[in-house]
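Take this structure first; my questions come after.
Per-chain residue numbering starts at 1, and chain names A, B, C and D are given in the order in which the chains are listed.
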Amino acid sequence: MTSNIIQVQGVSKIFGGLTAVNNVNLDIAEGSIYSIIGPNGAGKTTLFNCISGFYIPDHGTVLFQGLALNGRSTDTIASLGLSRTYQNIRLFSNLTAIENVLVGQQPRLKETWVESILQTRRSRKEEKSSLVESFKWLDFVGLREFANSIAGDLPYGAQRKLEIARALGSKPSLLLLDEPTAGMNPQETLEMTALIRSLRDKFNITIILIEHDMHVVMGISDYISVLDFGNKIAEGKPEEIQHNERVIEAYLGPGGAALAQKYRKKKVS
Amino acid sequence: MKAMKFLAVFMVLAMLLTACGQAAATEAPVAATEAPVAATEAPVAGGAPEACADALGCAVFEAGDVIKIGMGAPMTGGNASYGIDISQGATIAMSDAGDIEGWTFALDAQDDGGTAEGGAAVANKFAADPAIVAVAGHIFSGATAAAMPIYEKVGIPMLSPSATNPPLTASGSTVFNRIAFTDLNQGNNAADFIYNTLGVKKMAVLHDGSDYGKGLADIVAAQFVKDGGEVVIEQAITPGESDYTAVLSTVAAKTPDAIYFGGYTAEGAVLVNQMKTTGLENAKFFGCDGTYGEDFLTRTGANGEGAYASIAPASPDSDAKLTFNAAYLEKFGKEAGSLSPYTWAGYDAAAALAATVKQVAVVADGKLYIPRAALVAAVRSLSNYVGLSGTFTCQSNGECNTDKPQFVVVKDGAWTNAE
Amino acid sequence: MNDPSSLPLTPKGNNNLQTNTNTAAKKLQAFQNSKFMKLLRPILGVVVSLYIVFRLYQVLVVHQEYGADTWTRLLISGLIIGGVYSLIAIGYTLVYGILFMINFAHGEVMMFGAYAGLYSFWAFKIIPIAGDPPTNFLNAYPILAIILAFLIGMTVSATMGFFLEKIAYRPLRKAPRLVPLISAIGASIFLQNAAMLLFSPQLRDVTNPDILRRGAGWTIVINGSNVILPYTGVFTFILSILLLVGLYILVRKSKLGRAMRATALDKKTAALMGVDVDSTISRTFIISGALAGAAGVMWGIHNGLVYYFVGFIPGIKAFTAAVLGGIGNLPGAMVGGLLLGIVESMGPAALGIDFQLKDVLSFLILIFVLTFRPSGLLGEVLSEEKV
Amino acid sequence: MKTLIRQSIRTGITYGIVQIFFILIAFNTMVGIMLAKISGIKNPGEIPAAKFLIAYTILMGLWVGISALSKKKFLPAGHKLLAGFTAGLVSAILVGLLELAMTGILVNKIFIRDFLTVLSFDFIKATLFGLTPVLGIVVTMGAIVLGSLLAVGLNIVTNLNAVQEHWKKDLSFLKNLNDKFQRMIRGKYHLIWQIVGISILAVAVIFIPMKWGSYWNYVFGTVGLYVILGLGLNIIVGLSGQLVLGYIAFFAIGAYTMALLNAPEPHNLMWGFWPALLLGVLLAALSGILLGLPIMRLRGDYLAIVTLGFGEIIRILLKSDVLTDFTGGPRGIQNIQGPMLFGKPFNSEVDFVYLIIAGVLLASFVYNRLQQSRTGRAWLAIREDETVARASGVDTIKYKLLALAIGAAFAGLAGGIYASRNQFTGPDEHALMASINVLSLIIVGGMGNIPGTILGAFTLKGLPEILREFANFRLLAFGALLVFMMLSRPEGLIPSHRPKYDEPNEVSGEMKKKEVPHDQ
């Protein structure tokens, strides 16, 4: 996998005085699982928002499949095949689960409102196929039996999965997951990890991941970038990151590296 | 599939509504329960006079029934004061009207909100009520316009005290008549009076944006210019407010000798008061029959001195009027005319209708017959009826109050003749 | 998980190809769409401002219809009416800031305040005071009478505000946002008609004490003609400013104010922090009611006309003002109110259009402002995620 | 025990105040007159006979008693008696005090009517049943207490609360009925049932309007028009979640298009009904888009106030001097022609009912199809969370404008029919209250569903007609009922449901939809 599906080139985002993201560059290979980690407030979510078009970067550009995304409205970007989930779950909570997924398919449907009224052969066909597909996605995330229950009433873990199902509805080629395992118990976390991996393995969806749970990150990601105070302080394969002084200091504070050494020794002996 | 759902509910509710319909009908004192509906539609057999032998037929009253005069008026909402006041005036007329061999009169005042929607609803309700023989109204022109065609079908004559909208009488309706003062000759005469008698050369014309006020103001302005005067500014104010200093200031900048205002006392009084604070101390205020009344005096006090108004020629304080005022105060605790300038017209409309009904009513074997067609004709041919607010003679188009207006001015806190 | 082959995804490679092709057209269209939206507003802005400038030029330079004296008069009346608007607007803003609901019946609360003021003045007029010439309480002790009138008016309205919230709104805290609005509308209709039936639909005149005679005032001479600065107007304006400042201090400094702001931010947390949310909310209603009452009494004193419908139009205007300044923002409500008042009085003259259209003008200004600052002039102060 | 007494005292005070209010607005005489009419007296006059007023007072007492005992099912009879009696007594005392004051006014001949307009001496005498003051007061208080005791009695014999609670709890019998109906037409014999249903409906629709008189036809027609309006506004508010308060402006545009193209004054164009109607619909839709464009960024109540402004602007312009020559100004436009159908005039009340029913069916059809389609889901997504909807690829601007346009088109349709039915339209037809009425009806009925809208229209436009007998207490009652409905059923008379999707089996892609309850 050599072609880069998305390139973030010198992106900066400044709120008032504070520089949330500072001149970050990312080159993400297609079909990889790419994690962005860093302490709280490191600007991870801001970076996500810049990529998915919620924010317009103050400097730099984001190229998706060679296309500059700057200034594109979020719905255009979504229809280009880039979809995302949210740190604090944002479902259409008064709609049923299946309807959520159906909405996710919007960008791929061609039915116009006139057809909706007349229910032409084409629109019926489209409606049916999208419904079939939605059910399959629900199946995939394991929410088949919840299809017709109100999204807001689902258990927490289920809501996270449903959000992913909704994101998949638009057949994305790039999926941004913002803390997908936040607040999950180990069991759920394992399921989620497996889910993410299978997304890549089975459907070749490139995944960018914000995650705090290091087991998950080290477990599944091919490549990792570390943000701290808006700057990318490191990137590399998981094991490289594990031993990177700056990263450890970013997490444990100055002198953390030494600490970590000791800790490892103890574990060995 | 889904369609069935709402169709079902739709149907069920239709049924429910009919049920309500019947409920209301029995609950209401609708004469339908007494007088056979058929009697009003087709000529009745037996003792019925041949006057009933036409398409419209007769309204038939058993012994003890009440002859009802309808009135559609805004009883709620921003204009309720007109409806309530006029209906109160008419109520007194009903008790003064006496009876026809024991059959008494009653007023059935229904709320039409002054809008076409309400007017048509009320008209349909009256049309469906055989005990309604005539309608003193409607009060507002919009409601009247929507109501006219409905009364036309069933032959219920109207006599409106206050619907002044000129086109109403132009549409060739046989049932619609009004004793409201005709804008046209009031306006023209007023303009002439201002130009010739008062010698005003520069005048500002204001109105309240209502069909009445605007209609009048436009006529006055046109005539005044024709006479050779100059209308320096014509402005509309937003009724219902009570601060017009802004518009008055702009008027003042044009330094008119007089201000003509087409509208009602509510705004007129405010204007007169605020003229004093906006550099119009020396301009004359000239109102219309809408701004005439005791209320204007109390509300303007000293500021009101020298304000003019044009009114229908009736000796301002005939004995009849005084007795009415007393009765009104006694019954409703307000000075007559303090709610609207149309109290007396309301009385006149109802009283005139009652009188006309008396003319055409026929009593045969214990029943009272009121031939509708005859009644319609009789109302249209009303002549020299002397009321509290004027003397009425209906023209062929239904205008019943076309005399030359009389001009009055406030002198020492009282309305006095200006000529 | 079920067998992937059945899943609706094309294998690697032509996946992105496909997404690209079937979205190309859409992409373009959506792109233009957003471009168009971006351009629309500036164009609108330029056009409108050009027109305004042109009209101003016409009126002020070409025709020179009105002299300084007229402008002063307009400004005066604008400021006065604006002061009253701001006072009512504050009531809306307070309630909105906490409950995110339009208290549609606020105008009616004000109307009852106006009636209270009117009736207390009348009552004082009746009370005779011996002396030579024998006078009445109203004119013997005018200051006291006025203070009493305001106290009565504010009490009445405050009580109404309190019960309004208790009966019509509190049970609907959890309901969807539109439900309290409809309940408020119902309450408004009810109160209007209640007033009509209680006090008759007659338009009443407020009899002021002689020191506040309507029409009397200080006279200033501006280029030859004398402009009158009415006592009632000055009184109204100063009093409303004082009340607004007082309220601002209350909200910023006092304990209650802190509680109110906390409740506005986040009811749950506020409750956890020991703020009694319910009582805070009803106090808010009491305060906004009291302000409306004061506004009502002033309305009576300055404009002199009170009837059951008197609250409706000022209510709408005041809400417009609140939105104009930025909902939930106290200074905003004040600025909005004054701006609205001035636009209404000076706008038509300045643009040389009919006074009948002054409401059109003020609503257009509102639309114009909101198009460029979607959250009002001074921006809204709402922290809770709007549901 | 103590709490029980305290509660009943509070109830007593509350209802005492209510009764005082009723007396001060002369509600008692009005009810007295209605009682008299019901009992067959033809002309009761201004003030009814004493017996009817006493009956009224007893009824009031009954009310106090009932509400004092509500939510107290399982009390021993003694306690019920105590509670009812205390409440009754307390309110009786309050009313008694009022009447004492009124007596004072009567005796000293004070003219109080400048302040409280109904308190004429005759009225006071009547309120005291024409007896001597003391006796009158005693009788009143006695009547109230008697009434409350009556309530207690009733409560003990028939378990009144059960009935009352049930009645208050819901009008869900409608919903049940509806569900039964669903099961019926979804069931095995659904085809037969549908044929039966449709034929019944057809018969009803064709014959009912002929049966009942022009008055109820008119009311029914008005309700129908408001159903169309309600559905239109439902698309804007209920589905796409944009709170629009100036909706009636689109109605006005429809009505005025009809009027200007189809009346002798002011232009005498006489295009005929149908083209005018069509153009009205189109213009309304267009104006919806034009209004929408600049304010797409606005949300919630900012949108509300701006649209409210838009409505007012339209109304004021229609009646302003500037446009008088074009729109007829405040006079409005008269003699608007009715429709012709196959060369025959089609404009009697009955015909219009048919026309309106057709309009309602069309509107409901369109609404229904849209609601269930991709478009409808896009709208719902926007209502739920605009940002996320956009990020999931919904072109929010397009869909919001679409909602405005279609909703406005419905209003235009209703407006056109309305104008030609009344043969008149004027600027004051389209005031703010009208918009508010439409908004109220969709929320009272239950937002976002057709039966709800229909029921809401019946409630809000039918109710005032039924309340006519209340004369000028009508709107008072209306306002009170509005509040009451919101308090008792915040989610509307018929709450919304989300459709239920089954996975279509590949062979015959017939997808079925059932209802699942859904908390709005």
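Heads up, the rule we're going with is that a contact is a pair of C-beta atoms (placed from the backbone, for glycine too) under 8 Å apart; a residue touches a chain by one contact, two chains touch by 3 or more.
From a predicted model like this one, the values you see are computed outputs, not experimental measurements.
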item: Comparison of B-D and B-C by number of C-beta pairs in contact, larger one; value: B-D
item: Closest chain to global C-alpha mean, per-chain Cα centroids; value: D
item: Most distant chain from chain B, judged by the mean position of its C-alpha atoms; value: A
item: Separation of chain B from chain D, taking each centre as the mean of its C-alpha atoms, in whole Å; value: 30
item: Distance between chain centroids, defined by C-alpha means - chain B, chain C (Å); value: 37
item: Separation of chain A from chain B, taking each centre as the mean of its C-alpha atoms, in whole Å; value: 73
item: Chain centre separation (chain A, chain D; CA means) in Å; value: 48
item: Junction residues of chain C - those touching two or more other chains; value: 30, 33, 193, 196, 200, 202, 354, 356, 359
item: Residues of chain B touching at least two other chains; value: 76-77, 80, 84, 209, 236, 334
item: Residues within chain A bordering two or more other chains; value: 73, 75, 79, 107, 132
item: Contacting residues of chain B [partner chain D, same complex]; value: 1-18, 20-21, 23-24, 27-29, 64-66, 75-77, 80, 84, 91, 104, 106, 109-111, 114-117, 120-121, 124-125, 127-128, 141-142, 145-146, 149-150, 165, 167-168, 171, 209-211, 214-215, 234, 236, 331-334
item: Interfacial residue positions of chain D with respect to chain C in the complex; value: 21, 24-26, 114-118, 237, 243, 293-302, 304-306, 308-310, 312-313, 316-317, 320-322, 395, 397-398, 432, 436, 439-440, 443-444, 447, 472-473, 475-476, 478-483, 486-487, 490-491, 520
item: Chain B partner contacts - residues on chain C that touch it in the complex; value: 65-67, 69-70, 73-74, 76-78, 80-81, 193, 196, 200-203, 205, 214-215, 217, 225-228, 230, 299, 302-305, 307, 309-310, 312-313, 344-346, 348-349, 354-356, 358-359
item: In the complex, chain C residues that touch chain D; value: 30, 33, 37, 40-41, 44, 96, 100, 102, 119, 122, 167-168, 171-172, 175-180, 182-183, 185-194, 196-200, 202, 316, 319-320, 323, 327, 354, 356-357, 359-360, 363-364, 366-367, 370-371, 374-376, 386
item: Touch list for chain B against partner chain C, complex; value: 76-78, 80-81, 84-85, 209, 235-238, 240-243, 245-247, 249-250, 252-253, 266, 270, 273-274, 276-279, 298-299, 303, 334, 338-339
